[in-house]
Structure formats: C-alpha cells, structure tokens
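Next up, some structures in structure tokens.
Next come two complexes, and both contain chain A; in the first it sits with chain B, in the second with chain C.
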Partner chain A sequence: MSVLTDEMRSVAEQIVAKYPNRRSAALPLLFLVQSVEGHVTDSGMRDVADILGLTPAEVLATGSFYTMLKKKPQGEYLISVCRNISCTHLGAHKVFDAAREKLGIEPGGTTPDGRFSLEAAECLATCDGAPSMQINYEDFYKVTPSEVVEIIDSLAAGKDVKSVAGETVRPAKDIAFETATAGLDLPHETADTRERLVGGESPPSDMAPGHRPVVPGIDAPPAEGGGS
Partner chain B sequence: MTQQQTEMVTVTINGQQVQAENGRLLIDVAEEMGIFVPRFCYHPGMKSVAVCRMCLVKVEGMPKLVPSCSTPVADGMVVETDTPEPAGAQEDMLEFLLINHPLDCPICDRGGECPLQDQTYAHGPGSSRFVEPKRTYEKALDISQLVVLDRERCVLCWRCVRFSDEVAGDRFIQLVDRGSGTQILTFSDEPFDSYFSGNTIQICPVGALTASTYRFVSRPWDLKAAPSVCSYCSVGCPTTNESRGDKLVRVQALPNENVNDFWICDKGRFGFHYVDAKDRLSTPLVRDGDDFRSATWGEAVAAAAEKLGGGKVGVIAGGHLTTEDAFAIQRLARKTIKTPHLDARIQDDGAAYERTLAYSGVVGSTATINDLDGARSIVWVGPDPKEVLPVLYLRLRKAVLDGGAKLIVVSPRRLSLDAFATHVIRCEPGGEANALSALTTTAPVKDDLAAPLVACWSPANPGRETGADLDSLLKVAVEKDARWLVCAPHAGSQGMLDMGVHPALESGYRPIDEPGMDTRAMLEAAAAGELDALIVVGADPISDFPNRNLAQAAMEKVGFSLVIELFPTETARLADVVLPSTAAPEIEGTLTNLERRLQKLEPLTKSPGTAREPWRAMADLARAMDDDWKWTSFADVWAAITKEVPTHQDLDVAALAQEVPPSALQYESGTEEQPGPRGPVVAGPGGQYPKGHRSGAPFKTASWPLSWELRQFEAKQRPGHIPDAPEAPEEKVGAGADAAAPMSGEGFVVYAGRQIYDEGAMVSRSSVLHALSKGAFVELNDEDAKELDVTDGDEVTLTAGNNEMTATVVIADISKGAVFVPYDQKGLRANELLGAGGRVKVAKA
Partner chain C sequence: MIDETYMVLKRAREFPKDSWTLKRALDDGAYDNLKKAVTEISQADLIELVKNAGLRGKGGAGFPTGMKWSFVPKDVFPKYVVINHDEGEPGTFKDREIAERDPHQMIEGIAIAAYAVGANKAFIYCRGEFALGSRRMDRAIKEAYEKGFLGKGIFGSKFDLDIVLHRGAGAYICGEESALLDSLEGFRGQPRLKPPFPAIKGLYGQPTVVNNTETVSTLPHIVANGVDWFKGFGTEKSPGTKVFSVSGHVERPGNYEVAYGTTLDQLLDLAGGMKDGKTLKAIIPGGASAPLLTHADYALDFDSLKEAGTMLGSGAVVYMDETTCMVRNALVTTEFFAHESCGKCTPCREGTSWAVKVLRRVESGEGRQEDMDLLLDIANGMDGRSFCPLGDAASWALRSNVKLFREEFEAHVREGRCTFDGEHKELVGARSGIDTGISQQGDEGLGGEDRLS
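Our next item is the complex of A and B:
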C-alpha cells in the first residue's frame, strides 16, 4: 500500500530535483512520509525506496540513524524534558513527573488519543534556561511543574502555545512536512497544503517489532518487545 | 593484470626486507611474506574500509598505529606487526569486540573454523574485564530460506553489507540503527533475496550469518573435504565439497582469480541435496511390460548391447557430464556402434557453436573470463547471465564497475546487465543479428566499441537458434580485433564440443564430411519410427528439448531406448533399459568451462548402489559389443584421450590435481604451524589467497597484449591452439545459415529463457532452492498489456496449438509483440509452447 498520493509524489519529485543524485533526497522524503503517517512506516520506507531507486533496506539503514525520524507511532505533540545535569539540578525531574502524571504515560510512550508523547531528552544545549523542555522541538525555558500542566491543557484545548522565541508550537506532521519541503515554492499554509496533498486518513501502521522479517512457514510470531 | 611499469619498493616488515609493488596494501605484502596480521573487515575480494581496527600495525615515522588493510606500501617503510605496541592494540581491539560477543562457541556453527575464535586465541587477552550484561537480540532470524542471522554474534565488520553492495549489487542487507545499537538487518518482511547470498555466510568472520542447510550439522574437524567444480553452469566455479560420514553436507567457494574470484552462486552452494534425493537411481532397471524390474549391471548392459549392434542408432547426451563421459560417448557412437548421429545440444538445440571454428580453429571461446577485466568494451548477446551464468554476471559487473569497461547489451528484453550497461539495444527476438550488424556503423555505439573488446554470446532462445546472431557477432569481433566468450550453457557442454559429441564435429574440432543427425533430427526420426535405438545419457529431452511433444513421441516410438540417469526423469520412465549414473561430488573427473578451461573434480562421497560413471557404462557397453577398451580408471580414459584427441594430446591431466583444501575453508584463520609473537598459536598466516587483482588495490589499466598471456595456467588448462589474433576465415564452416526468418502468424512471439531456480532435475531435488523458483510468469510489453487489458499480477492464459497454460503477468521492458516465458517452471513448460511454432496467444484469464 502506498503512503504517498500521486500529488504527494509530485512534491517528492520536486524535492528530488533539488539534488544532484536521487538518493540524496532520502532524508527529506522520509520526513515527507512522516508528515503523512506521523511516523515512518515500512510502507513509507518502501515508497521512498521506490521513488529513489534504492532498496528498502538502504532506506531503513539511513533513516534508522536519525532520532527525529520516528520508528513508532508518535503523538501530535512530543514533549522532551531534558534530564542532564544542569536541568536535573534545577528540578527537571519534577517537571518530568508532572508531565508524566498529567498524561498518564511513561517516557517513550504516547497517550491513547495519539495527541501527546513524552520523552526524557539528553542535553538540549540550553543550560542557561534550565530546567529546559521542548515541544515539537520548540524551546521552553525555566519550566515549572505547574507550567507544564498548563501548557498541556492549552494544547489539548487547541489553543496556541508560544515558545520562548515566540514561535507557535505546531503539530508534528506539519513540522515534518515543512522540513521535507524546505526550499520548495509551496503555499504557506502548510497544514492545509499537507491535508490537501495527503488526502484522507492515514493508513494503519504496519511496523513489526524490531523490524523482524517474517519467513512464512519457518517463523513463529515475533515475541513482544523482542528485537532491538 | 599487467606486469608493465610496476614500480617496486623496498619495505621492512618485522625486520625482514622485501620488494613489493608500489601501492599494494601492507596487509597483503605482509601476508605474502608469511606474516599474518589479524583482521576481520578486510577481504581481498572487496575494497578496504578499515572499520574493525584489528589490523593495526606500527609504521616508523607515523604518529599513531595505522590499519594495514588501508595503508599502501611505500619505499623505505619500516613496519612492526608483533612488537608490544601493535600487539597490545590488537589485544585491546579483541577485548572490545568480545564485550558484546556472546562467546556461545559451543552452540555456534562457526566454532572450530571461526576467525574471531582463532584470532582471540592467537592475539586476544585471554580474559575480559567486562562484567556488565551483554547486548542481546532475538535469536536466529531467518532472513531468507538460505541464510540465518544471529545478530548478537556480529562484530560489525561490514563484510556482508559490502559484498551485497560492491560485488553482487543487490543491497538487501544493511547496518541499521547506527550508533550504539548498530545491527545487521534486512528490511522488515523483505527476505535476503540475492542469488549470491551464501557468499556472505562464507566470508562472515563470526557465526552471525549461517546457512539454514548447515545449522547444527557438523563440526569442521568432523568434515572430510575434496576440491571440485560446480556442475551446474558453464562458468565452472571451483568449489570445496565437504562431507560428514558419507553424506555431503556443505559446498563452499574455492577462490580462483581466473574463474570465480571468491564467489559462487546460491545454486552452486545450496543445490547439492539432489545427491541424496529419495528417488535417486541406485540399480539398473530393465523394462518388464509397463513397469521396470531391477537388474544387475551386467544383465542390463547385455540387454542394451544386444539392441545396439545393428540398425540406425542415435545418441543424445546432456550438459552436466564430464569430459571423460563425453569422450566415451563419442567413442562408443563413432567407433563401436559406428553411428554418426550424436549430439549434446538439448535446450540449446541447434546452437551454432561451431561457427567460431573458421575464425579461430577452436569451437568456443578465445577469450578468458579474466580478459573481461582488461577490456575497454564488452558486447553481450544472449540470455540474462544473472539467471544462467551467475558468476559470469559478477565478473561482467566487476569489469564494468571496477574496470571501467563499456558494456553494450543486445537483447529483446531487459537483462540484469542493463543496470550498468553503456548502451542497451532492444531488438525483436531473432533480430539480434541485424542489430549487431549495425553496431559498427551506428553512432554513438560505434564510438564505444574500443579495443580491447570481448564479445560474449550464449544461446538465448531455445528452439529458435539459427546461428545468425553468432555469425553477426563474430564479424563485429573480427572487425574490431576482439576475442570472444562463446558460452555453452552447462558445466559439461564445452567438454561435449571438445570431445566431438556433435553431429558435424569429431573430437578436437575436426569437421566431418558427412554430418549425422542433430538432436532435433534424431527425435524426428525416432518419432517417425525410423530410429532403431536411442541412447540418452544424462539428459531429459522431454523436459528440456524445446518441443516436448516431439521428444515424448520419440521416446515412445523408438525401437529401443537406453537411458543413463541419476533420477527417474520423464524420459527415463519411457526407456527400455535404465542405468544409474553418478553425481559430480562422487567422481574423479574433469569439466571444461566456458573459456575452455579444464578443471578437476575429486571424489568425496560414494555413489548409491551400483551407480557408475557414464564413461564406465560406455566402456561396459563396448565390451559387451566385443570392443574391449580396457578402461578401468580415470587415468586409462585420459591415456586414450591424449592419444585420440589432437587438441588434448599434450595435456597432463595429473597437473590439474589440486591439493585437498582444509576441511574448514577459512583463509583468515590460518594454520597451526606458525609461531606467533607469544609462542605457538592457532592462527598464523592465512592459506593461499589467489594472488592478483584485488578491488582493494589501486586500480590499474591492463594493456591488451599482455592480458592475452594472462596466466601460466592457460597453457596447462586450455587445450587447443589459440591464435594471437583472430583471423578472417577463408571459408566458413556451415556458414550461410538463414538469418532468422521473420515469424509470421497470430499471437506473440515466444522468447523463452532459463531462470536460476527451475524444475531441473537437480535443482528441483534441492528443496531449499526449489522453494525459491519464481513459478509461472509471462513478461509483456506495457503497450501490449494495455491492448490485452491486463496489468502486473493479472492471470493470463497462454495458448499454443493444443497447449494451454496460465501465468502471472509481469509488465517488463521487452520488445513489443514478444512475450518472455521462463523455460522450465512449475505450471509453465515453455517447451510445450515452443513446440507449436514459436507463437502464443495471450488472453486475460
């Protein structure tokens, strides 16, 4: 099943045209498929391989290195709380616990409604703003436990939330689309553009745990949580 | 390779001075001196990456230790490999590698032949300071039917990844999750679907990649080994056969820079289970009404000899027999039975190999496989080499991608070569000759036909061979001062031509004034009831001849038939007498490959029951017909060959014998004799890597004249005179053959071709491979598909005469108006379609 619609594929071709070699477009195209499904699925990687003339294994080898390319379903808003030394000294663990309680999920998890994911981040390089946090890679400095709850409530209610730089926090798929299409002459309203190009609902994930290849007749079903 | 202008430099390694070619890799130069530098990632068949850091050595004047696998030698270099500094670094590297390695040697197939194990004994610390838990992964992933992966054993040397990328060109296996969690993996549900995947098992320096057919089967010290030659296709890759008890359990590539470099295809590696097939014939059978009864060898031979004495007798031989068998077959036919009717071209019915005779004095190739490496241009006309001559495909790929040769492909359909060809010329089936004639005059192709040029040809379209394409190619070759590879399809096919199992040629390529009948004529005569007896040796015309009905009728109508076979094939079931035959791993023999190189097979396992080599059967038949050849051994046959075959008279077959390879063919593990820095060690210098061109070494352009005199092997192994340069013939033998008549009529032109895994008697009995065959498919041009209103994956009905079969549509780059069908697949027997005139109607099912 193809992840990219015909219109999306024409966007992909515009991206490819920016590079001297087709395969150089692997990363933006991976963001493009992430903008459709919220994370990079096997079908998404197959689409990228198909467009670039690579094997899916090569796309996996490239994509699996980058943490911003998500290998499992990811919430609309990813909350990353720094857990390194400066932030921890200044109470990052309390911020983290507040978020965890508010959302009812463990680090690495996603809320059942698919709106929030939570992760403990390594140094975000903003020690002066400790305890530091990012939501969809927008910075928040000197965050208190009550603030993080407030921010989550605002986002859940669909209100605008602004980062320290005054940027509005936008949904993950929009950011992925913007990353993929940077430098292309596409209409500004990225969310609308993306919605229009994606066309319809995202297909369900077909990710197998640990990318386990299944050989019919030989294989037992993969063990839960096995693999890498 | 050339000996031209190679600058020699003086290097000192561990106090010994040595002269070495400038620019060669330090690790190679040391190894040739007998100094083994431990390594995991370095492999002479691939480029250096220097990722395992195991081969660190000290070079005087360099601030840090350097990896010897990526350091070229230079004049005055002083190197230490075993002083405390490099030895300490090697020890540390091993300690690092063993942090995550499970050390599950007792349950690992590699145990006892493992470079990591051996080098740990030789260069390792002996104990570890690491106490934390080791990395674990889900165990034993079947990444294909053939290859099993245990990720925790992997030391991340990249060999399998580099092999897939550099050598095979099918990148199915990769390093993913790079970083602290790097692991080897294939993509989700995509298997490691390569024709060459088994090579990654052989070069894996640990037990991470293992063979599904060899898991937990044996320990290397329990194996007995013999050097042999793969008996599938005519590339003739040297192999090591290994047995436990008397059961053949493993086949590995035996490196030979002249033929296969370091590689064999998966068909050669995994296609050996046929020797133990349940239905393997082990006793002679004599017809008893509708059934057979078992007989003694003498009884069966006597029964056959009685019927072969008079009348019109035909002899058909297959392509997997040895040179000795071929010689015996023609001797029985021409000398004892005195019939001129013999042929060994079945699937390649009518293929005009003999056309080369007028140009070069030999039937077959004038070039060697190694000539591809020095070529500046290569022309390929024929079937897809990846399917039919897999290792030749690797050599062609290397010649183009490493050697810079320009490849020109002439074919009615897309071949795997197209991916790296400079020019692809698409023609109609049968239109190859015209396309080739235009090569030398049409820009831009003509500009890329630069000498040295190697012209390659192999019979492509069963039943429709006219020789016109070969004639055309030879003309191009002569005009361009080129040599050629004329590739008969099977391992024994060239031997058949050399020994004169051909209606128009005697042994030693001597043309016969009054040629006998070829396979088609013999079958037609038999079907018409005009043939008194037919001897079929190692062939199954009913499955393989491009007219199934004719072959069937021939076997039914012929007065008497003797079939010598491994299995009860469709042909054998219709015989009057059946004699059991031997398989390649069981015999002493020779095979002649597509470059006319003779190579020796050594026996390893025993044949079942009373099975004997076909040459013995021939000698027995002759004796029963009062013509005692007095042959009892391989040497006796060769005494007769050197006496009777002019091209082979100076050949010393004893010189072909190879040393028995170590039971575990692990070149990097070394031997026990060599003392290491700290006393005697298990791993010392490696075995004998074949010397010569390695991708890791700086690329050099070979000059043409030198490349002809390639190797000292040539004179020894390639019989027959090869002129210095091809000459235009005064008069062509059998020339003037009609160019392919345009096929008129309704429907699509059938263009058939073999696939690597098919219903062949040997492959279909090697169960792991049989499961990989592609089944019934038909390739259609997209315009034709549109007209038929079908698309990829649809079922269509193919109708030719009274035959109807269904196949799955594959839209492909194929000449319009033609369809490609695989030759011998389950549910699709192309030889039924071909029998009805070479055209087929296609309709949506």
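Our next item is the complex of A and C:
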C-alpha cells in the first residue's frame, strides 16, 4: 500500500532533483513519509525504496540510524528536553520532572490521546539558554517547571505558543514537511550545464557513492541512483 | 576587562533586530567581497591569500583552510564544497547563531570558498534540529539567487554556483566530515577510512572541501581587509578571532567573539563572571570532547591548550562551579558519547556503554573502589584504538574527569550516595532505553512490531 500520493511523489521528485545522485534524497524522503504518517512506517519506507531504486532494507538501514526519524507513532507535539552537560548542571531534571508529571509519560513515550511526546535530547546547541528545550524543533530558553506546564496547557487548548525567537510552534507533521522540503524552489541546474572555469575530465554520468568504488568485474555497475 | 573583537558576529551585534535580512545585509556591504573575489582575484591568488592569512578551521580540528583548499586537484570535475553546519559538540552554539543571524555572510563565504577551489555546487549540511536556521538560510539562498549572487555567471564572471540546502536527521557523528558525506549520500552516517581525504575523494568520490560555517563566514573579512589586517588579531599560529560559546555556571552565557590568545579568565569576565559569585571548579575548554581544566589561567589558542593537555576544539567553553558533581558530569558526558557512537568499531561502541554502566553504578552509590581503575582501563582501551576521533574523545573526557576528581568518585563509593544534591537521579534515568542498557545511534531500530517483512 502506497502512502505517498501522486502529489507527494511529485514533491519527492523535486527533492531528488536537488542532488546529483538519487540516493542522497533518502533523508528528506523519509521526512516526507513522516509528514504524512507521523512516523516512518514500513509502507512509507517501501515507497522511498521504490522512488530511489533501492531495496527496502537499504532504506531501513539508513532510516534507523537517525533520531529525528521516528520509529513509533508520535504525538502532535514533541517536547525535547536537553539532558546534556550545561543543561544538566543548570537543572534540566526539574524541567523533565514537570513535563513527566504533567503528561504522565516517561521520556520516549506519547500520551494516549496522541497529542504529546516527550524525549531526552542531546545538546540542542542552545546551551546559552540552559536548561533548554525544543517543541517540534522550536527553541525555548531558561525553561522553568511552571513554564513547561503552562506551555503544555496552551498547546492542549489549541492556543498559539511562540518560541524564544518568536516562531509559532507548529504541528509535528508540518515541521516534518518543512524539513523534507528545505531549499526546494531553487534553480538547481547550473552545475550540470555549467561553463567550466578551467578544462578537466567530465563527470561520470551517474556517480557511485564516494567510498564504494565500483570494481570492474566484481561489482555490477551502479544501479540507478548509485546504490551500494 | 577586555572588549570583544567583532568580525564574524559584527553584523549580528550591530544590527540585532534585522541582521539576517537581505536589505540590512546589503546596506552593510554584503556580497561586495564576493564581487571583489570573482572579478579581481584569481583562484590561485585567493587560495594563496587565505593560506597567508593563516586562517584555521573552526569546526574542531583547526586545520589551515588555505592548505586544505590547495590539496584539491585542479583538473578533476565536478568538485564540491560542503559546509558543515551540523554543530553537535555539546556546549557549542556558535554556528547556529551565525547562520540564524547572518545567513548572507555565510552564503557569501561559501561562494568565495567555492570560487577558490573551482566548485560549482555547494551543499550546506544543516543539523536537522535547526528549524529556524534552516528557514533563514533557505530564504537567504533564494534572495541571493534572485539578486544574481548565486546561479550562473556571478557578477558577470564565468563562475557559476548552486547551493543545496540539506537537512540532517539527528546524529552527532554526522559532524565528522566523512560520516557527513556518507549521510549526504543517503547512508548511515559512519566515518570513512582516511586517506583518501575528502579533498581528493569526497562526496560521490569527487574532490570535496568540507568547511565549517564559522570558517567560511570569516572569508569575506579576509578578502575585504587582507592578510596583515587579519594577522593583527590573535597569536602567530592562531591568527584572527574566534566565536566562543560560553555556558554553564556563568552570569551571561552566550557567544563571545574575541581574538585567539584571550585567556579563559578574560572570557569568563566577558560572560559576567561565575553565577551568583560561586567558585570555579572545572572548565571544559573546547566542547565535551576536550579534557577538563581546573583553572582559568590559560590562553585560548590552539597551541596553548594543546600544551595544557586539552584542546580548543569547537570553542565551546563550559564553566562549572563548586556545586557541580563531577561524577554526574562524567556520566552525562559518557552517556552522550555512548548514545552517539555510530557502532562501527568495537572499542568505542563497547567501551562507551561499559563505561556508562560503571558510572551509573558509582553515581547511584553502588560502586566499588576498583571502579575508578576500571574506568581508566576502559578509557585506555578506546584511546588511539578507535576508528574515528569520537572514541578517542570519549576516552579523554572520561579519563580527565576520573583523574582530576578521583576523590569525588571515591567519596560516592565510600558513602554509598551522591555527595552533592542527589536530586538528579531522575535525570539519569531520563534517556529512553535506559533499563536495557544504553541505546546507541540507530539502536532504537525501526522494527519491533513495525518490522519490514
């Protein structure tokens, strides 16, 4: 069963077109699946495999490596509390406790109504705002336990919540779509039709991944998209 | 008290309300130096300029940028420039601010680097979690295309450049340049065997320059002002300025741009001193990977910190006060490395998770006096025996915590409890998968009930 509609597949093709090699689109396409399904599902991975000319196992191998690609159904709002050095030393556990108590779930869990997920995050590169957290990847600085409760209440009531930079927190699927389509509407044809600065050898028509040189007679020629 | 020396953060600090907009950037002279580079300076001269300026990479290794560029073969096409905007080293938050507040400076720098090495395609590998930064870069790239600063025939020259914005998906190891390239090719982000180095065989097997965001953001200033000006800041072997990310127990955490050679004491002053007037206990001078220091009397440049047995790394400085439990510090740090270990090589994969188990036991008061030697032994098993620097870094951080604060570890064991506040036990269990041992990068595994059939 396909989860990507024709419309989504045409977005997928635009994403693929950003890169010299189809396989490079694996992460954005997995985000695209997540934007439809809420997490990365089996059927979604099969679609990605189909689009990229890979096996489902190859897509699984890539997708399973990355923490932002979720393996289980997720809440509409993902609360990521930093548990790394600066935040720990400045009281991250209090933020955790407040979130945990409010939502009744442990890090890694999702509320039964599917609205919230909670996770312990590695350094979010907002240590100047320690203890810090993200909600669907928007930043919150110097978070106090009562603020966490307030923010959760506001989101639950459908109110606007703004990050420290004034960005509105948006639902997880919207953000997954934004992540999948970052840098999409750009005229990316220059590099293929360019006039070279100096002469040189031509690029191979479809390049194999750099660390997997194709050995003539041993490896088959790279599949479309230069798979392994 | 010393002042900051603004170069990379200049526009951001002068115009905090709108430094990221095209209008402000153009009013402030953005892209003038790209124009100067592509219309007035030859590629060879540009590489020479950056070499002579002595610019060193700001991503962690401090490798001379001009020299890296000169390794790129002239006659192999295509070649690529890849910008490392994966910023994941705990304590580091400079690239985030540079891209959020001054994306046009970054794009100008990328274009200068691409011109120098003759690349027509550049990739920004943007950390997946950086939503705002990605939005600002996305918009800035579009604006740059519209103005003709990107695309074909930039400033009427023969130089063409496309920039591809690519988002990561959450993995610290993808900051390591060869793992980054694997990730960008659509694989698990695991480091490659070097050599060949990316400059010879990188992305898709083509010559590739990997440079950090802050590194390329420095380039317009060097093109504008020249070698002598640039060398007027910093030390002989670490010329220029550096954005230091200051956090921990300080009054005013934040990014501070100062000349190399500034001391840890002076940097602490800039950040308003220790929080609530407490006493300094330990400093992480260069991100979680860097061994600890116990006083602030060191100069922040590559050589001084190397001499002190630690490193400048990414320029993340964490000051910790007397209330800090160093066992907890070691545990949190080691849990991080265990979680982010890519699993490719045994010493790092096994060593980090064993160390976490031992540290958990010590921290919860159930340790044994032999555990400290055991921890040092585990550290020795990783150091120099790991496939990439992540395993080494994990061992350095662990070793320095145990060696410098051994009596604190022993007190935990002797008293059977954390000798500090004890209230953080909750946090220690906060990571998912904690009961069944540490979950490593990728270990959470797609599958289970949802396995591919």
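Throughout what follows, the second predicted complex is superposed on the first by the 184 of 228 C-alpha atoms of A that agree within 3 Å, B and C clash if a C-alpha of one lies under 4 Å from a C-alpha of the other, contacts with A are read in each partner's own complex, and residues count from 1 in each chain.
Please note the rule applied: contacts are C-beta pairs under 8 Å (C-beta built on N, C-alpha and C of every residue); 3 or more make two chains touch, one makes a residue touch a chain.
Given the structure is predicted, the values throughout are model-derived calculations rather than measurements.
Once the two complexes are overlaid on the shared chain, A:183 sits against chain C while remaining clear of chain B. Once chain A of one complex is fitted onto chain A of the other, the partner contacts of A:45 extend to both chain B and chain C.
Judged by the number of chain A residues each one touches, C leads among chain B and chain C. Residue contacts after overlaying the shared chain place A:122 against chain C, while chain B stays out of touching range.
By the touch criterion defined above, A:60 reaches both chain B and chain C.
In the superposed pair of complexes, A:28 makes contact with chain C only, with no contact to chain B. Across the superposed pair, chain B and chain C both touch chain A at residues 42, 45, 56-57, 60-61, 64-65, 207-208, 210-211, 213, 226, 228. Residues 18-21, 23-28, 30-31, 40-42, 45-46, 52, 56-57, 60-69, 71-72, 80-81, 83-86, 88-90, 92-93, 96-97, 106-108, 119-130, 134, 136-139, 163, 165, 167, 175, 178-180, 182-183, 185-191, 194-203, 207-211, 213, 226, 228 of chain A are the ones touching chain C in the complex.
Those residues of chain A that touch chain B in the shared complex are 42, 45, 54-61, 64-65, 207-208, 210-215, 218-219, 222-223, 226-228. The touching residues of chain B, when paired with chain A in their complex, are 137-138, 141-145, 170-179, 181, 183, 185-191. Interface residues of chain C facing chain A in the complex, by the touch rule stated above, are 43, 74-78, 87-93, 95-96, 100, 118, 120-121, 124, 126-132, 134-135, 137-138, 141-142, 145, 151-152, 158-172, 178, 181-189, 192-193, 201-206, 208, 245-249, 253-255, 284, 288, 316, 318, 320, 324, 328-329, 332-333, 336, 339-340, 342, 423-424, 426-427, 430-433, 441-442, 444-448, 450-453.
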